[in-house]
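What follows is chain A paired twice: with chain B in the first complex and chain C in the second.
So, the complex of A and B:
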């Protein structure tokens, strides 16, 4: 549908690095950290299946300073990911109407973050209780 | 806050990206010094240029009050309506004005809209009643809650700012995009409409909802709070549901209510 002499500028391939897209780029980039953490847990599961020796090796890896630094990095990335994730979540849902009032997107985001924090505390408590 | 001072109290430098297809091989910036008052919009700045400095400058405008959607352009790299953006916020400049990104430039700030119009034509942009009623059967009723489901999507003024904000449309011009998807959801979300299955065929495709990566900037730049990102992304959920539920549904009933009460 272009005119005979219209001019199409090339798209900026570095668009994701611009400030306007910062929240989006952070959300997508921190997703790699989430996958990385899942990979570490999977490695633990495989070690467990391979017997006590392998499992101890994995546990020792977790205690190394490298692993602690990595986990700290993952934790920061995860917090950013959770925040940006719940920020976009209301966009993926039909309008939520309670009574005659539309539930605002900020309220949905806040509810998501509250649930995430509550789940975090519950898991932490359970982990404390089952410690040997 | 009407200003008492006349035109000429302050001056701003406006840099317009110009493209005249008969003489320019590519767009080139051109600077103008524009006197302005506190109450002048960017559109009025452009009109001053055209009336007093350079009559060859081309741009689209009509209503001057954010309802016609004609004067969308990149104002300091952000997609905005020139009529609802004020020169005072960019003083002393230079204020960079470019045509909307991702669209072919016809001339100066005028871009090609044909692709967008074609997309709007393709989404069945009208109500197709679930059960047609005769006049004597009365109107199609709807509750306020049912209205709230799609009301904001009917506020779109087709200004295309959301397309200039969408990096995925920039990568793939065939992507149906935020504006047309908002209009699609305006009808698909309407409790009186019965053509969801027809429109979902467009949503399911690669160029439908699935080209979107939930950047969300389209909703931020929308001058009418239509929230097109919501329209696109709730259709991803719907499209995924349709994909899995088709194994459970009887053949060809699709996402819409079946015509059980057709007469």
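So, the complex of A and C:
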């Protein structure tokens, strides 16, 4: 009658591609973009080590429409990363108390995004100042 | 109790994630969009001579090392955890693939920086 019924795990291997998990999958995919951008920088560093001709090949690649499209994609992923990173941050840290008041999760997220926007502006200004 | 190595990778993930959140968008705009197109920045921003003197500078070396390596370890941990969630393979296999790649690329970064010298 009631024989042993062992638990069978769902074999839905494409669960992450479903709409319900879109936010999860997008957030995790930003990791590919962060590593991918580092890879482009490393390629530049290696070509720099190989002399001017190799470095020019890398610079010309950066000017190609492929690279520009790729970097546009990287930029979108970085923005998603900033957003999700500070969205999750308050959940991963101990409760923050300032002046006997608990700082809410939304406040921590907002503060993080403000700092990120400020850092974005400062870095661009520094780049403007040091250009030839 | 056997000590776990997870906190080490978790720390690298956190450091890389924070660095990417604060510098990533600006860096992509500068090196990937503005400098190559010459829009908003001089087209000579990343010229050979300037790039070389930047890497010759110890601060430049530390900045490049920190960004490249921590971005790699951040991505490696993310991809590892996601592949785990996707049941893409055994824990050890995925660890070797993800952390192994980040480890090799760390070595290559150090080698390239050393080759360029001071």
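The working rule: the second predicted complex is superposed on the first by the 113 of 132 C-alpha atoms of A that agree within 3 Å, B and C clash if a C-alpha of one lies under 4 Å from a C-alpha of the other, contacts with A are read in each partner's own complex, and residues count from 1 in each chain.
Quick note on the criterion: a contact is a pair of C-beta atoms (placed from the backbone, for glycine too) under 8 Å apart; a residue touches a chain by one contact, two chains touch by 3 or more.
Because the structure is a prediction, the values reported are computed rather than measured.
S.K.: Chain B or chain C: which reaches more residues on chain A?
M.R.: The larger set of chain A residues in touch belongs to C.
S.K.: With both complexes overlaid on chain A, does A:55 touch chain B (first), chain C (second), both or neither?
M.R.: second
S.K.: Can A:114 be said to touch chain B (first), chain C (second), both, or neither?
M.R.: neither
S.K.: After lining up the shared chain so the two structures overlap, which partner does A:16 touch, if you call chain B first and chain C second: first, second, both or neither?
M.R.: After superposition on chain A, A:16 lies in contact with both partners, chain B and chain C.
S.K.: Would you sort A:102 into first (chain B), second (chain C), both or neither based on which partner it touches?
M.R.: first
S.K.: In the overlay, answer first, second, both or neither for which of chain B and chain C A:93 touches.
M.R.: In the superposition, A:93 contacts chain B only.
S.K.: Using the superposition on chain A as set up above, list the residues of chain A that contact both chain B and chain C.
M.R.: On chain A, the overlap between the chain B and chain C contacts is residues 16, 28.
S.K.: If you look only at chain C, which of its residues touch chain A in the complex?
M.R.: Within the complex, chain C contacts chain A at residues 16-18, 20-37, 40-42, 44-48, 50-52, 55, 64, 67-69, 71-72, 74-79, 81-82, 85-87, 102, 105, 108-109, 112-113, 115-116.
S.K.: Please give the residue numbers of chain A that touch chain C in the complex, ascending.
M.R.: 13, 16, 28, 30-32, 34-42, 44-46, 48-49, 52, 55-56, 59, 62-63, 67-68, 70-72, 74-75, 78-79, 81-82, 85-86, 112, 115-116, 119-120, 123-124, 127-128, 131-132
S.K.: Which residues, counting only chain B, touch chain A once they are in their complex?
M.R.: Residue positions touching the partner: 19, 21-22, 26-27, 78, 101-106, 112, 114-115, 118, 144-145, 148-149, 165, 167, 170-171, 189, 213-217, 219, 227, 229-230, 233-234, 236-237.
S.K.: Inside the complex, what are the residues of chain A that reach chain B?
M.R.: Residue positions touching the partner: 1-3, 5-9, 11-12, 15-16, 20-21, 23-24, 28, 88, 90-95, 97, 100, 102.
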